[in-house]
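Going by the order they are written in, the chains are A, B, C, D, E, F, G, H, I and J; count residues from 1 in each one.
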Amino acid sequence: MNKLDVTEAIFIIKNEKSLKWQEIADGIGKSVVWTTSACLGMNSFPEAEADKIISYLGLPLESKQALMEFPIKEWDKAIPQDPLVYRLYEVVGVYGDTLKEVIQEKFGDGIMSAIDFSMEVDKEENPKGDRVILTLNGKFLPYATW
Amino acid sequence: MNKLDVTEAIFIIKNEKSLKWQEIADGIGKSVVWTTSACLGMNSFPEAEADKIISYLGLPLESKQALMEFPIKEWDKAIPQDPLVYRLYEVVGVYGDTLKEVIQEKFGDGIMSAIDFSMEVDKEENPKGDRVILTLNGKFLPYATW
Amino acid sequence: MNKLDVTEAIFIIKNEKSLKWQEIADGIGKSVVWTTSACLGMNSFPEAEADKIISYLGLPLESKQALMEFPIKEWDKAIPQDPLVYRLYEVVGVYGDTLKEVIQEKFGDGIMSAIDFSMEVDKEENPKGDRVILTLNGKFLPYATW
Amino acid sequence: MNKLDVTEAIFIIKNEKSLKWQEIADGIGKSVVWTTSACLGMNSFPEAEADKIISYLGLPLESKQALMEFPIKEWDKAIPQDPLVYRLYEVVGVYGDTLKEVIQEKFGDGIMSAIDFSMEVDKEENPKGDRVILTLNGKFLPYATW
Amino acid sequence: MNKLDVTEAIFIIKNEKSLKWQEIADGIGKSVVWTTSACLGMNSFPEAEADKIISYLGLPLESKQALMEFPIKEWDKAIPQDPLVYRLYEVVGVYGDTLKEVIQEKFGDGIMSAIDFSMEVDKEENPKGDRVILTLNGKFLPYATW
Amino acid sequence: MNKLDVTEAIFIIKNEKSLKWQEIADGIGKSVVWTTSACLGMNSFPEAEADKIISYLGLPLESKQALMEFPIKEWDKAIPQDPLVYRLYEVVGVYGDTLKEVIQEKFGDGIMSAIDFSMEVDKEENPKGDRVILTLNGKFLPYATW
Amino acid sequence: MNKLDVTEAIFIIKNEKSLKWQEIADGIGKSVVWTTSACLGMNSFPEAEADKIISYLGLPLESKQALMEFPIKEWDKAIPQDPLVYRLYEVVGVYGDTLKEVIQEKFGDGIMSAIDFSMEVDKEENPKGDRVILTLNGKFLPYATW
Amino acid sequence: MNKLDVTEAIFIIKNEKSLKWQEIADGIGKSVVWTTSACLGMNSFPEAEADKIISYLGLPLESKQALMEFPIKEWDKAIPQDPLVYRLYEVVGVYGDTLKEVIQEKFGDGIMSAIDFSMEVDKEENPKGDRVILTLNGKFLPYATW
Amino acid sequence: MNKLDVTEAIFIIKNEKSLKWQEIADGIGKSVVWTTSACLGMNSFPEAEADKIISYLGLPLESKQALMEFPIKEWDKAIPQDPLVYRLYEVVGVYGDTLKEVIQEKFGDGIMSAIDFSMEVDKEENPKGDRVILTLNGKFLPYATW
Amino acid sequence: MNKLDVTEAIFIIKNEKSLKWQEIADGIGKSVVWTTSACLGMNSFPEAEADKIISYLGLPLESKQALMEFPIKEWDKAIPQDPLVYRLYEVVGVYGDTLKEVIQEKFGDGIMSAIDFSMEVDKEENPKGDRVILTLNGKFLPYATW
């Protein structure tokens, strides 16, 4: 089994058992965003979480190696097209220079890490229409001089 | 004066007076992300804020029309290269499908608006290295059927 | 069955029964543009419409999950080539700035939503050659300030 | 004067006199979409309309040749980025195949012309948020056989 | 059978019977360019021609629906590479602005239709090397004003 | 003066004297397509024609070197956007494989030269709408074997 | 069998018999570059050479039609990546303008044909490292005027 | 003066004195291809040649530094368009895999250097049309193992 | 077996035997970077190393030809996306001009070979976080003049 | 003065004084790679180094702000063309997957930082041709789970 096979197996079980990503995440004790990304093959499971998800979902034991494999993180569309994903790309395009100004004003010359990084999705109920609250949390890395 | 001229004028004054974006934002009573984006020409000032920033920074009166003009929101690099901005693009690429799964599980078929939208940058002090907290807040828009 | 399988199944039945999209749309009580897009897998069926189209066309019951699945909306050619679709792209290219001027003059700074959105195709008979009347109807979304 | 110079001259006068595109269109007796596109240099003025707009706006006489010149219709961004224009591109991407199915079902094998073509923008007031109504009207051109 | 299957079937029969495109075109009473393009799946057969080519080549009856299907006209290489096709692309690149000047001088502001259009290939014998004579014949479409 | 300067000078004189490309071509005894392409800087004038056009239009003598210079034949848009030029590109895309089949059936393995090449534009009057007749005439070049 | 099948068959036989391209070329009495390109499917075999290679290699008789078929000359990577091929592309990039200057100084306005063309690869032994001698030989084609 | 300024100065003097590249090359005792490429700014002059060309052409002394500067070797069009240069690119595309097979058969696994490299252009007179003989001469570099 | 088959076979054995690349490299007496690249099919095994790896891993004998085959060195993503590889691309982008200045200051006009080249990866333990030490070692190739 | 102005001023002084990058680096007590990158505008000078370089080179005092400004790190050619830089890009392409395997085998799932990063260039004298030794030193960042 490779990572793709495991992802397909997870989707089949998830549909059959009508599970939500939130439930799977709770089942292994991790957050829903990280758990989903790892199930989609974009993050590697540490051994403990690999064991838990095999047990929780009833995955075959030979999926353990693929779950723990370090993924190649690539995406199909250099410019995304699905409207939900495109809107995030648009935010990066429209506000990229702004974020550079504001982050570097607060922290100095450097970047927000996308590796030492986590992310959450929350729902804010609102009579005019519910709101998606997306929180990115990344370590600030200052540029080295040498 | 066009929007580009006004942006340059703001940078010159900001440097001369050693102002921070946060101070300018406080001076006009708006958040620092929105204020910076509007000063960079990626958002339009409502009339009240245009008056306030002209007064706060001492901009020429003829900049008012340009400040209030509706901007063309375009960016140079379809795939950004500056490391700070690229990391955000990478997050969209790596986690795009994950966010689609998680948001649509919580909200149904639809998207997070990038128009009815706001964003904040916060600093979380941490002995292992401070962390950037970036919060996106967008209205959920369900797809229409007809 | 995934969305692609269901689309193929619909095409086979449509050909066998010599059905038109208009008849399928009438059969489920929705408009022809929306119905066609949902059958092509670019929109998700609400449960009631999924039940109706299964019944109307005689689709297998296991297609229901795929019909209701939230689609990934992507397209093959970033610049379309089929002449019918290219002409629409050309209209966007030639008239894009014009529409920005006219819509924002009428509504203020904001956009026409492509999510809270519907579209109709009509035929206007004309002795010099019939005309295609394409009507897009989208909610105006004003840009937020914060 | 070339077309670009005339467009700039029109913007200056329009701003000085606080004119709307609608008023300029009414002043020359054409629709607002066509008038705006011709002022932006994407359509050529017939002689009568060139005379009228020179007189209505007080443009210099030497602008007449440029107003009547046949434009080169090109656009900067093969994939548009401004959110208002991108949403239209997204509609073409998401609904392109649908429109091909529906138009060709109604009309036969052919296309909607983007040349023998007109377009209107209307505002539909709505308590949940006003709506943009965009109507495209193009001659159907059947493919030749020979 | 889809259009691609029919094209393959035509090639097999054409090779087995050592037929030329010219003979197939004569067999159905259409020109060789149009007939070849329709056999390659880039044009749709009207019913009479579909019947004739099925009879002339001995195609299976179930190919009729695919022959009459309206094609999606797409091509693989946005910039063609095969030398014969590239030379045509080069002519469009080198002489595009020239043709715009000359056609619009003769006809006014508008275009040559690629839909209400036909094309012929002739051979001119010449002792210095035979010459290819390629004739494009398209309806002139003047731009609308409204 | 470089080729671009000469092209601009020709346009100014052409406009002042209200000359047509056809008249300039007749004035130097060459065809209108070639003459226009050479005036636009996409072909080099042989010495005799350089002398004639200088005399016919009253160009400065120092333009002779630029008129005779061998041009760099390049174009801006790899995929053209102006509708008149795009339609020609579309013809190459839609009919490229067809032309390869038909030309090679008539001539053998080889190409139509775009160098030993000429082109004409004619107008065919037609009550349903005049037609553009575009004739390309290129030497057939068979592939070498060695 | 199509051209791709024949190429694969040739590779299998070449490996089994430990033949070199030079030997195959000698076996059919053509040069090694042309023979290799024809075996890779980038040139068509004249009938005599098709017969010879079938006999020399022991190819199946049904490969004759594919060997003689006129190829579609296309390549995968618009910008090549394999280091050997990239170096040739780099030479074209770095020395393209130089070659234009030098060839047109020697020959007048025109090009070197890539169709009436041959190429050889030689090895020059050299104590500091052997050298590859690549010789391109193409007919000069002067631009037509008309 | 930078490299671009020097190139322009060389062109002006070359035109005024009606010099050929071959004469300039002879004047400094180098080949015409290398001399032209260095004059176009794609190679650096060693000090002796810089002195000679300054003296031969009468260039200003301050051009010496720019002549000797190490160039940035870049080109505008990733896919060249000028027909003379495109034909060379086409040769690389069509024969790239062939050259890889033939060179590696003669030399082993490695490449032809584009750095330890020279090139010549010769004219072969031929009653059917003169021929361009282009000779590339590059050191073979075997891949290292370690 | 082709190179891809052999790579897959190596991965299967490596996983079954829980071998590290370092162990395989030690097993054949080559460095870990070169061994891994050759196992991934990006370098060719000399005969001795082919024999050793077949014996060390227990590969089938028929893999020898594929192991020794000269590879086509191509990669999927012209701009890499996997974060580990992208960071290296970013280093080339950010520091490319710097490296050109520094290398050419130390060595003269020329390049670092990517063919006569080796590379090592080392781990430097560090209490603040271990460091990756990547060492590239390439022969300096001076540009030829001729 | 902006960063570009300062870079130009540094080049002028460097040329006038015939300084090497190594000397400038020694003059401010930093490494030559970092110093060159900061002078080229790809890194920001800390205040102490800004003061030192102003004093060492005799830069105008108003350059201090630009020297300390946080740069936008962007590059012109997504795929570099200058041969020295391209070879580095080629190394990333050819060895990217290899480096991923080897680094992650030594360190676990994560990346080498391009921010907490330094680089050195050394010259290794060698009778067969000197060698460039390029050493990259980046902190290993393990992927977070959450």
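Observations, loosely collected:
Everything below uses one rule, namely that a residue touches a chain if its C-beta (ideal position, glycine included) is under 8 Å from a C-beta of that chain, and two chains touch if they have at least 3 such contacts.
Protein names from UniProt, one per chain: A, B, C, D, E, F, G, H, I, J = Cyanate hydratase.
Note that the structure is predicted; figures quoted are calculated from it, not measured.
The chains that touch both subunit C and subunit I are A, B. Among the remaining chains, the Cα-based centre furthest from that of subunit A is the centre of F.
Remark: among chain pairs B-J and E-F, E-F carries the greater number of C-beta contacts.
Of all chains, I has its CA centroid at the greatest distance from the CA centroid of subunit D. Between subunit B and subunit F the centroid-to-centroid distance comes to 49 Å (mean Cα coordinates, whole Å).
If you average the CA atoms of subunit G and of subunit I, the two centres end up 30 Å from each other. Once the centre of each chain is set as its mean CA position, subunit A and subunit H turn out to be 51 Å apart.
The multi-chain contact residues of subunit I, meaning those touching 2 or more other chains, are 33, 72-73, 75, 78-79, 81-83, 90, 93-94, 100, 104, 110-111, 113-117, 141. If you check each pair of chains against the touch rule, the ones that pass are A-B, A-C, A-D, A-I, A-J, B-C, B-D, B-I, B-J, C-D, C-E, C-F, D-E, D-F, E-F, E-G, E-H, F-G, F-H, G-H, G-I, G-J, H-I, H-J, I-J.
Only residues 79, 81, 83, 86, 90, 93-94 of subunit D touch subunit A when the two sit together in their complex.
Across the complex, subunit I is touched by residues 15, 77, 79, 81-83 of subunit G. Within the complex formed with subunit G, the residues of subunit I that make contact are 65, 72-75, 78, 114-115. Remark: subunit B residues 20-22, 32-33, 36-37, 40, 42, 73-75, 78-80, 82-85, 87-107, 110-114, 116-117, 119, 121, 123-124, 126, 128-141 touch subunit A in the complex. Residues 30-31, 33-34, 38, 43-44, 46, 49, 70, 72, 100, 104, 108-111, 113, 115-118, 141-146 of subunit D are the ones that touch subunit E when the two sit in their complex.
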